[in-house]
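Just passing along the structure, written as structure tokens.
The first chain written gets the first letter, and so on, giving A, B, C and D; residue counts start at 1 in each chain.
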Amino acid sequence: MTLQVTRRQFFKLGATGLATSSMAMMGFAPEPAVASVRHFKLTGAKITRSNCTYCSVGCGVLLYSRGDAAINVVDDIYHVEGDPDHPVSRGSLCPKGAGLLDYVKSDSRLRYPQVREAGSNEWKRIGWDEALDRIARHMKDDRDANFEADDDDGNIVNRWTTTGMLAASASTNETAYLTQKVVRSLGMVAFDNQARV
Amino acid sequence: MSLAKSDPSLQRYSVWNRLNHWLVAISFVLLVLSGLPFFHPFFWSLTALFGGPTMTRILHPWIGLFMTLMFLFMAIAFFRESLIRRRDIQWLRQIRDVLANRDDKLPPVGKNNAGQKLVYWIMLGCIALLLISGLLIWQPYFAGAVPITLRRLASLGHAGVAFLAILTLIIHVYSGIWVKGSFQAMVRGRVSWAWARHHHDLWYEEEREKARKHRAISSRHDTPTNRQESP
Amino acid sequence: MRGDQINLQNVIARSATQVESPRQRDGGVEKVTKLIDVSRCIGCKACQVACAEWNDLRDEVGECVGEYDNPLDLTPDTWQVMRFNEYEDEQGNLEWLIRKDNCMHCAEPGCLEACPAPGAIVQYANGIVDFNSEHCIGCGYCVSGCPFDVPRISKQDHKAYKCTLCSDRVYHGLEPACVKSCPTGSIMFGTREEMLHLAEERSDFLHRRGFENAGVYNPEGVDGTHVIYVLQHADKPEIYSGLPADPRISPLVDAWKGVTKPLASVAIGLAALTGFFHYVTAGPKEHGEEDEAAVREDDAREREREERP
Amino acid sequence: MTNHWVDIRNADLIVTMGGNPAEAHPVGFRWVMEARQYNDARLVVVDPRFNRTAAVADYYAEIRTGSDIAFLGGFINYLIENQRFHREYVLAYTDASLIVSPEFGFEDGLFSGYDPDRGEYDKASWRYQHNADDYARRDETLEHPRCVFQLMRRHYSRYTLDVVSSVCGTPRDKIQRVWDMMAETAAPDRTMTFLYALGWTQHSIGSQIIRTAAIIQLLLGNMGMRGGGVNALRGHSNIQGLTDLGLLSNLLPGYLKLAQSDEQSYASYIDDRARPPLVEDEVSYWRHYERFHVSLMKAWFGDAASADNDWCYAWLPKLGQPLYDVLHTFERMHRGEVNGYICQGFNPLAAFPHKAKNTEALSRLKYLVVIDPLRTETAEFWKNHGEFHDVDPARIDTEVFRLPTSCFAEEDGTIVNSSRWLQWFWSAAKPPGEARADTAIMAGIFLRLKRLYQQEGGAFPEPILNLQWPYRYPEEPSPDELAREYNGWALEDVYDEARNLVVRAGEQLPDFGTLRADGSTACGCWLFAGCWPREGNLMARRDNSDPYGTGQTLGWAWAWPANRRILYNRASARPDGTPWSLRKAVVWWNGQRWVGNDVPDFPVGSAPEEGQGPFIMNQTGRGQIFARDRMNEGPLPEHYEPFETPIASNPLHPDNPRAKHNPAARVFEQDRENFGTLEEFPHAATSYRLTEHFHYWTMHNRLNAIAQPEKFVEIGERLAEELGIAKGDRVRVSSKRGYIEAVAVVTKRIRPLQVAGRTVHQVGIPLHWGFLGETKKSYLTNTLTPFVGDANTQTPEFKSFLVRVDKL
């Protein structure tokens, strides 16, 4: 058949004639369809360049936040997407990276220092000073009590083995460097990071 | 006094019949008005009558259920007199005479003529189908659980059957207007003996017979005085 | 595709609307298309998460039913899912076929054809088929209309939802969220022309890698789609978790929504008119004097009979 | 990574083994896909499971977990027997021609010098023969029976195709096919890259698997080449950085090492590490060890560190153990020898093997400090979480502090990705509530301790009191201050040999070449020197231009060392200084100096005629096939069975029980009892990541919880059939150490293997999900894993252990 009529045209043939006239007659024309159905959510957002800190690809991410860092505003991150300039990720992200917003906003984020007293079954909120004072006191007491200046063979060893530390796998080099510096100044040796797991 | 007086003295529809009929009629009209917008955008503005498109979508099925129920009562009430007889076939054969008002040529007619009976049966069928297909595409309750092909079939069926029902309605309403006295019959429930004899001669005979028997029974206790006034 | 602004003049088709949509500017707008190269998909679900994040959707946390798929199906809160299928060919070679399932943005959208609500579904000049919830009445006709079983009706607000191809992003010259996130370049986005060209390249590549039946999925039955697949086995789309071989708008939907309705509408009008003209010509049906007379005779006859002792 | 992510696209063959990049590094994996599409590269996957990477691979071969050395060793044998290795490269750039001391030997699975009682080797015999000038003897013909090449040939001659097939369970034809594809890359213009991750490291023989891969890349001439290298994809975002900065029990920043107790003399400490060349005129860059060390001490202790006090050598702790790694520490904790523990963004309860033991260990602490942005299982180890974690808080006396920290989005700083790029990022918002940056928390703890020592005195306070703290706001050292410190600055004017002024006092150091051992420079991490020179913060650079189309993007961020993107890139050119192939060219000799599309990893003025080797950190200047004394279980990799193996004996040494498992692995007695037997636990299990999740973090994210909501284990169809398990059934997976319950994913993607005449079923156990967060509550996978580690790194053997699967 030579006459090409698509389904919709066919549908219209039957309808349009009747409809157009009658609509006009009934004085009712189609109300305008809203153009872009949703408001564009990035308009006016502050964009911050960052890096995903899950795996070691180190993808570039853009953090979109409300507020322009003016003094009277507390910025609020509300969208995360890939940084197209990044030579490795070129804007793409994996399911973890694409979900970063829910990590930043997770209900499981901790908001204030807490302590669980010996034998207790609950967390107790405390202030930073109390927390840090108590921790420092614990550390000093343990160090003073168990510091090894020398070993049985008379070697000077100046080590502290009874308190240990695990360093983060996602913390910055700056944090890591400061941690290393502090830990070694205390003579701590039971010190490790997540390289193995 | 005489039955010939053309004042409607003959009971055709009881109060209950009439109420029932008009409840069905009104809900049917509402259904048409609320259904047409989904039938074709041409009728979209009708949704305004029901408080907007979404409300129309919500109301239509409920009105439908109500009408179905009402219709059920009516169907039971009118069942016997709607059974098709041989003479009805003959009547239908002569539908030309009917339309041309050559009533003298027509075969005898009982309480309902073949046309009325057809309306009864067509509506009965349509409403049954509308109910079933309607349930199958009812959002948000049942549609979700219905296989897609069946839903498509039901949508199509609902529309088609509704179309048939609407045509039937138009004929039914027109007949009411066309046949003088029948509209009044459904409003006030009474017709004149003459009207009955013209349109439903068999029924007229039945009713006359009833009336005679009635008088016979009552005459035994009649006093001369009141006998004087009886025919 | 910068400049594909979707504005009032870019709505080329509109549900339940018989008047012509503005067409004057069609020429100025490029059709866009999303290409999904299944042979490059690792099923990481980045697109799925990016979609939910961009569109502010948070579905229920489901459960594992013994496969990688999750969520298991499209929902009003999940506009795309990855469908995994472990496929073993005749020689017993194993392939893990993973398909991103979402709205295909048909050139000829069944949903739009079925929708009774004016403007609830629109098709933009760039090819995107979008739901406008503001106008949606929740009748679910779009579900019956869709050949790919995509739209979902919300239990919450009883409105229909589906992938919008990020019309809001495209409007602002960006690519859809899923496209941007895709780590392996399995999902690509561009003008229809570009994407069809790239699709050919990709399937040629697959031919070179020994997939004789590799090809592009761009079904004619719906006049082509604005989401197209590159398949290693284009001859058997069903093995990709039931991708329809020849999708088209169901004839039932056509019959229901097609030409029949206007005709029926006319028929109803005509029926009414016919009645009127019949009345005018044949006149009303009423009983005459003769009936009165007959009744009187009957009265008389009966009276005699009754008065005979 | 010796190379980098984008460079993968330059490869002709990509072999993923001991890694599943599509799953764990999807975005980096993009470059594999690009290589396939635009470099006509092939992707080969060798893995126990047909995984997400295999889904898009050109070829897949199944293998039994933990048998990789056999597979790769067999390939070495194949290369040598068929003369398919890159002879010119091997001769010029490896130690193949060096002659090994006559005392060295290998017999019945054990190398010379083994001490069965201590389970250790005396490595004295693992060395080269030296000539009069104390340089290693060589035989350029490679014929000398004691030369490294011949020793290697003999060592791997046992790894025949049949042996390999029976050890790995891989069908012969598949092994042959993979070997052929790999061998093709011995051509000078073709390269192969190995992409691996914890699938290689988390074995009791992990380090040796990787060594085998390195040997192969040397034999194929793929080191220092574009699209070549041995590429550790690495697990966490900044594990590279933390390792570079030496946050390990025995390290200091820049891979400097802490001394053992018996190393009392500073001079000998330096001499043992400032390694002189073993071959004439080689660079042997570690000979500058003292420059790095002294500069570090100056950065930490300032004026207190002087030549007179050996730069505070005595202030550094001395190790009584080779390592105080996590296994060792938790063992001591379990014995009650540890009182306090600090977890900074780390969740050991879930992360270390044998959860039950970890729980007991933590319960014996006096105090535990958890510094984390999220709720972690570790912080709540004392809380009863029903069947998933059944403890009685009343009986746990550990005092637990939980300190909230900022996350990446709320701080400035750098992380080092596996390409060795230090990338600076910026904070976008404030942390929630009262949360603080880790730096502020460390400062807070330290300054309080310092104050206490000032007020009360106490044990050896000097290092604490003298620790340099030159920060504008002492309570909150800023990231840029710390970055400038690890880059380092000059304390006095620094001159080169020709007395030219190189750096003025107070200026940032331009590179580690300007470091001095006389105390005139301070540098927190020599390896990072040059990241923040006088010009400013190079880590924050964002120029992604790639003028040569090689993907090096030298202007993006900053890579250690000295912004070099491909390590050993001198090896990309022939000994005469011309590239092996223009396709693969990285650097070349232009007549005066080394130039190219990357920063030469070589002295730029060293002419080819001088014949210096490309591996400038090695004493030989060459790639080490023979590891000498660097590895604890021997100079040449040998296959040993996992500590929980699904077969009765090591097929290579069936009659020597000592050679069944890694003879040098450190196992604590009590843990030996916790190894399951083949009879009790017949199924080989391996644990791994899924792409939808990251360890135990993303289960706190709704979006990721939706994508993969509940714990499951993967079981092959055949095994499932045998056990009557259907897809979606709940199963119990038990090991000697405990059990978990999860949903069964029954799959075609795991097939039974024929190993040493026995059918071995493998079970896959993702490590994700726990009893906190948005996902369905679940058991922790490490309930099952064995408490044993690699002999060198002590990395736990998470990848091969025994379990039993039961239907519930």
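Criterion: contacts are C-beta pairs under 8 Å (C-beta built on N, C-alpha and C of every residue); 3 or more make two chains touch, one makes a residue touch a chain.
Just so you know, these numbers come straight off a predicted model, no measurement behind them.
Engineer: Compute per-chain Cα centres, compare each with the mean of all protein Cα atoms, and return the closest chain.
Structural biologist: A
Engineer: Going by average Cα coordinates, which chain is farthest removed from chain C?
Structural biologist: Comparing chain centres, D lies farthest from chain C.
Engineer: When the contacting C-beta pairs are counted for A-D and for C-D, which pair yields the higher total?
Structural biologist: A-D
Engineer: Counting only Cα atoms for the centres, state how far chain A is from chain D in Å.
Structural biologist: For chain A versus chain D, the centre distance works out to 25 Å.
Engineer: Just the number, please: Cα centre separation of chain C and chain D in whole Å.
Structural biologist: Measuring from centre to centre gives 52 Å for this pair.
Engineer: Any idea how many Å lie between the Cα centroids of chain B and chain C?
Structural biologist: Those two chain centres are 41 Å apart.
Engineer: Could you put a whole-Å number on the gap between the CA centroids of chain A and chain B?
Structural biologist: That pair's centroid distance is 70 Å.
Engineer: By the touch rule stated above, which residues of chain C touch at least two different other chains?
Structural biologist: Chain C, residues with two or more chain partners: 17-18, 44-46, 48-49, 53, 118, 135, 183, 185, 260-262, 265.
Engineer: What are the residues of chain D that contact at least two other chains?
Structural biologist: Residues 26-27, 30, 691-692, 702-704, 707, 774 of chain D touch two or more partner chains.
Engineer: List, in ascending order, every residue of chain B touching at least 2 other chains.
Structural biologist: Touching at least two other chains: 40-42, 44.
Engineer: Chain A touches which residues of chain C in the complex?
Structural biologist: Per the touch definition, chain C meets chain A at residues 6-8, 10-11, 13-14, 17-20, 44-46, 48-50, 53-54, 56, 108, 113, 118-119, 122, 130-135, 164, 167-169, 171-172, 177, 180-183, 185, 223, 249, 254, 257-263, 265-266.
Engineer: How about chain D: which of its residues touch chain C in the complex?
Structural biologist: 22-23, 26-27, 29-30, 33-34, 37, 50, 52-56, 58, 60, 691-692, 702-712, 726-729, 743-749, 774-776
Engineer: Which of the residues in chain B come into contact with chain C in the complex?
Structural biologist: Spelled out, the residues of chain B in touch with chain C are 2-4, 6, 37-44, 53-54, 56-57, 99-101, 103, 137, 139-140, 143-144, 148-149, 151-153, 155-156, 159-160, 163, 166-167, 170-171, 174, 177-181, 192-195, 197-199, 208, 212, 215-216, 219, 231.
Engineer: Within the complex, which stretch of chain C touches chain D?
Structural biologist: Of all residues in chain C, those touching chain D are 39-46, 48-49, 52-53, 58-68, 70-71, 78, 86, 88, 94-96, 98, 183-185, 205, 209.
Engineer: Inside the complex, what are the residues of chain A that reach chain D?
Structural biologist: Listed in rising order, the residues of chain A that touch chain D are 46, 48-60, 63, 65, 74-77, 80, 85-90, 92-104, 106-121, 123, 128, 131-140, 142-144, 146-149, 151, 153, 155-182, 184-197.
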